[in-house]
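The chains carry the letters A, B, C, D, E and F, assigned in the order they are written, with residues numbered from 1 in each.
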């Protein structure tokens, strides 16, 4: 008789065999509006049994790949630096074993924990960033480590010209001014994505999806829903486009299940994750 | 003073005069994920008083037609065969009185109960099937009578070439492989619908609408919401197209009101039913 | 130490300096289906702190303008005439001080309270009306003052040819017949809006937005969600178009926060209000 | 085949045979805080199928009595006087046919509509009033017809010494001062109920139950939940006590189903109504 | 790196070492009112991390015992007999390995699956049954295997005098009549429990807790909440009393997490289970 | 015309005149389970308009006292130390002006921010602590500043014999062992409260109420509901008892409005705060 094991559907490989490793960062302490993204990774895992392992979009099946789900890291609430250090440690382990790390947040700040390690291994990495928000504040009420500052902190590491932002439709005037000078920002839509990926070529790409890039019509279960945004079919196509590049790490974040009374947001998050895993691994073959 | 009578809005004809008979099948025992579709028919009836009897889309009014609402059948939970038998019996009565049966589910399995009788009367019937799911499994955890198998069971009855599926975007690989050989499946969209109806010509059509064919943005109040899917304007146009054919029976199913906290899913179900009734009856004149 | 003050975000001007005055009418006594619009104005104010004062759509910021938020009027529930009189009194005060009134409902009937005064000051005013419903009944179960009659009551005041209705998709047959003769109704969509505004030229415009003109996919938190309707990007563009005219008063109404479990409807209402204020004031400069 | 009929469970008598007539008043226009009591009667009727017709408390069954459920009156929202007139008309009809009227609210103001007629027929009637609130304001923001004034309006009719209030725990200081002089108020609890009923003897009693007399632990689905209050077993015993008197009319009110997400409040309302009907009719035999 | 394992808190023993084995039966196909008990076991497991392993009531800790959580059985929806067979098979395995089985439902019918095997091993077993409902119908709409019949089916096996029912407050008249002749029913309360356990002495006891025995004030997250019922402190004391006997199997059932919007019902279920495990195992030492 | 001001009902004094100052600490970053207590203070303020200023329990009215509500402090999420510093600063200002500070949380950690300053002014202060949880961990996953450690941190400041805990029913074994040696813990109930207050005599008392001391039946809207606990009438009596002592500061905390779908928990929090203010100020006269 086996103990109760719960993984994302179809991700039942052993760690040793795995090409890709899922892990969850149930952290939301710096969320400035509605919290609850901490419950995102377990909800995605739990509700994944409402979808299939097979994707009719890609005509491919999760059971054909080797994915390991290592569960959620136990993170300290109330200390962002400590939580980031734990995420970085797990990432380092995965990378050193030659596997691709895929993080499920939690609030967007968790990206910094995985990205620090990915960038150490791949110093020339570019970031593809899907989000409703700029996330470019230098600080938020004094805090440098805030979900509202996460891309700014990434910029501290890799500087100008390597951060490509899409679907952005909310922020302070100063953030948009900063973007004009320091990032490659595509406001409101995914326009220019294919060209961007073509230009990056085979350089390493870190892909971070804040699910609130989706229109709240499709995805209302998030702390700060922003009217406008992309549809699910657009997301599907964009994942194909980005994953035609050389993905070296990725995350999806900001599902807040307490706000998702119908379950539809969690379901779209599950399907986005399935399609993302399949697109990454298919392209690696 | 009259007893409390509650029908779908504008469906107040006597049974004898009625051209079309509504009836509800409050059954969801085989639902594999989130149950609650059993409450669909009473919610549709109850909330129909939030819409009007007049359709500006068709410039037509339910009060101009003769529709009888016979309420919900009392069904035995836990026995699919017994529930289907009761649905078939009610259908047979309606058909033998020369009226058109329109069933409100309940989970999708209820379609089998009405379809068996419709097919007896119209052996050359075609099925137009709107759904997010294939519903083509041969069994689900051993059960042949499951909502995940309902179209497969219909195929057992009418065989190849007469089942036309639209908007399908979820299923196991085997179901899609089965569809390639045995059904006329149109994945993801309604593409090809007009051509299909034209080819069917004046042969009888059974029209089954699993409301989860709609995008969850429009309809999240269902047990297994599947990202992707059609919009309400597309549904309106499709109903017009299908009902230009020779409809001999129909159903709508899979509204789960407990998951519809805002009421918007129930409202769209009500309007879909109003438009469906009007389109069927208008075309009969 | 200051008392707890809560205004719509960025609307912190003094009354004397203000160009535009926000005020709330928390009234929903005539709502015929699901009540709760009374909580709309306080929810919009409260949740506005989840959005920014800066609009990337207009590249403009609320903090650059002078807006005063005078809070909610304390209205008598159960007496529509009394509530309307109180709304009219507040409007008269704002108008006599040379400021532009912008009302937050409440149910749609509140429009009559503000419009009566606006029309006194601007007798040649036109109405631009965005709504899912005709609101053209002569009475509703005997009541002349009902949310279902509000545009009809406005028509009583200004007569034919000056009411321009958009996105309308629900009503009784008689209302649509009335519209054919007496109003300029554009069914279902915003088609013809630009032409209408061009024709009106520099004549005064009263702009009333029933938020249920939006598709329930975008805005389900309202008493009577009507499938079909416009998207948020369409709303943004339409606001720009209408506000290129000579706006002399406006309102947004029919947010029912109790039905908005995710907060996404309240968020879209906040953003609509931000864009409306910016568009009106920008054009006045 | 029969039309869809929905009555309170076990209340299927014909009108002519009936000893007691249920009717609903779906009105809540004067509700000052959270509205939604309008949906109370239909929810009670609909959810009654989750309870049994048999009471183990009284060892008695609804099917042994003759009760007719005439459904909800269609009431005009926004005009309290008009709604009360309609309630009075229905009451008058029931009384003139020699049957006992039992009203399901709606907000508490509806009591005035039925009580006016009951008092006409039984001028020496006493009121037993269970409530969390005094309901003794002379007006509420200027309105004389408000749920907060309903017992004051009854006092206008029958004067001092005949209104007996129990469980009261909320109101303005003036209401409590008024009660000291003009009503028989028992604060917080049911203390003194048996003595009161004994004193009234065989004089006619009108029994009005505002369900918010229950502690919100037992009954949270109401517009203005007030901490403190009685338990369900206390309610059961109190119903027995009151119904040992000569009941000539009764109502239960203030269930707001939209606030009852679990269904437990609606369930307790159903059971309270079942016990009330049984206790009244048993005692009449 | 380990796979994601999720057990009830503190139940991390290996199977071989375990004294007691938890297993879940996520089945609710025969639920006649609101379904969703299928999600009970996973919710209890998932939310158990909100409580502690230590009980201040018993001054004892789950980590001091050996408990194995084997997760949920994958059950076929729509076939009660098939589901029961699977539950029985798992039970038989646990019993044959000399361990004590503790089942988490699901609807109450699941009790029959475990009880059949327990009774085979302990033919002289008594049942202690906590419930709001009699569960003594011979059939429900024709179905012999229904949650409303489960104790009747147990009676078919063990006959008169060995079923002891407590807290019962709902059922048809016939069920109460049946109980008078065939079971030891204690209506409404736990009165007589200590005496009953004393009389049973060291004979084997099967303990089945339908959590709806609790008052809905404490536990509203269940399909059929019944006003009246016991409090949590009473439950705690009763568990101590029953577990002073010779427990040979047990279950708790009927948590429906979809109805538990606050999480308080799931939390009380978790704590009940913790106290039950501790009380059983402590007494075995 | 006045700006929109929102205070706790009846707390409209100027700061200079005020005897007592309310302030909110909307912080919940260290919450380990369900977050959302950050919305507690604004919900209490907003919903206070559903209760009255008059207390029939104390026959006293908030409008007879001078209370100032200074609103919520804007706190940095993600840094507990920074948030505590801001709370301490506001407290210091209130204390130096000779007024009594009353804090509305937020999670329980906020108590440390106010208590540090109160203890500076009153070094011999005792703490009366109502809670379901010990809050005596030395750290939580490495964090010393966590809601689970707040009373331990207070103990660091004032040492043994001056912390009096009531209603405690959850914690790790080590916390209960710590309490045996270092605090005056009264498990489960309020037993011994009157004696404790009598012993403290006229020494200063800091009174901290974690609202989860209430039974979840009365108060489910909190992050970690713990079965068991006190009732509202017990709370009322206990407030009277404690406030007969020399209160020098107080707080109530841990209302999480997102979990309070019915509003009943927020309502009980409002009433608790009203009674607390009245009891403190009445006793000072």
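Here is the rule we use: contacts are C-beta pairs under 8 Å (C-beta built on N, C-alpha and C of every residue); 3 or more make two chains touch, one makes a residue touch a chain.
Only a predicted model underlies this, so the values are computations on that prediction, with no experimental measurement involved.
Colleague: What is the set of chains touching both subunit B and subunit C?
Modeller: Shared contacts of subunit B and subunit C: A, D.
Colleague: Using residue numbers, check each pair in A-F, A-B or B-D against B-C and return the one sharing over half of the contact pairs.
Modeller: A-B
Colleague: Could you put a whole-Å number on the gap between the CA centroids of subunit A and subunit E?
Modeller: Computed value for the inter-centroid distance: 41 Å.
Colleague: Could you pull out the residues of subunit B that touch at least 2 other chains?
Modeller: Subunit B, residues with two or more chain partners: 34, 215, 217, 261.
Colleague: Based on which chains touch which, is the overall arrangement a line, ring, star, complete graph, or other?
Modeller: Graph shape, chains as nodes and touching pairs as edges: none of the named types, so other.
Colleague: Quick one: which chain pairs are touching?
Modeller: Every pair of chains meeting the touch criterion: A-B, A-C, A-E, A-F, B-C, B-D, B-E, C-D, C-F, D-E, D-F, E-F.
Colleague: What residues on subunit F touch subunit D, complex-wise?
Modeller: Going by the criterion above, the answer is residues 49-54, 56-57, 59, 61, 215, 217-218, 231-233, 236, 261-264, 267-268, 271-272.
Colleague: Show me the residue ranges of subunit A that touch subunit E in the complex, using the header's touch definition.
Modeller: 1-7, 15, 21, 42, 45-46, 68-72, 93
Colleague: Under the definition above, what is the set of subunit E residues touching subunit B in their complex?
Modeller: 28-32, 34-36, 38, 74-80, 82, 109, 140-143, 145-146, 258
Colleague: Using the touch rule from the top, collect the residues of subunit F that touch subunit E in their complex.
Modeller: Those in contact with subunit E are residues 33-34, 168-173, 176, 187-188, 215-217, 220-221, 224-228, 259-261, 265.
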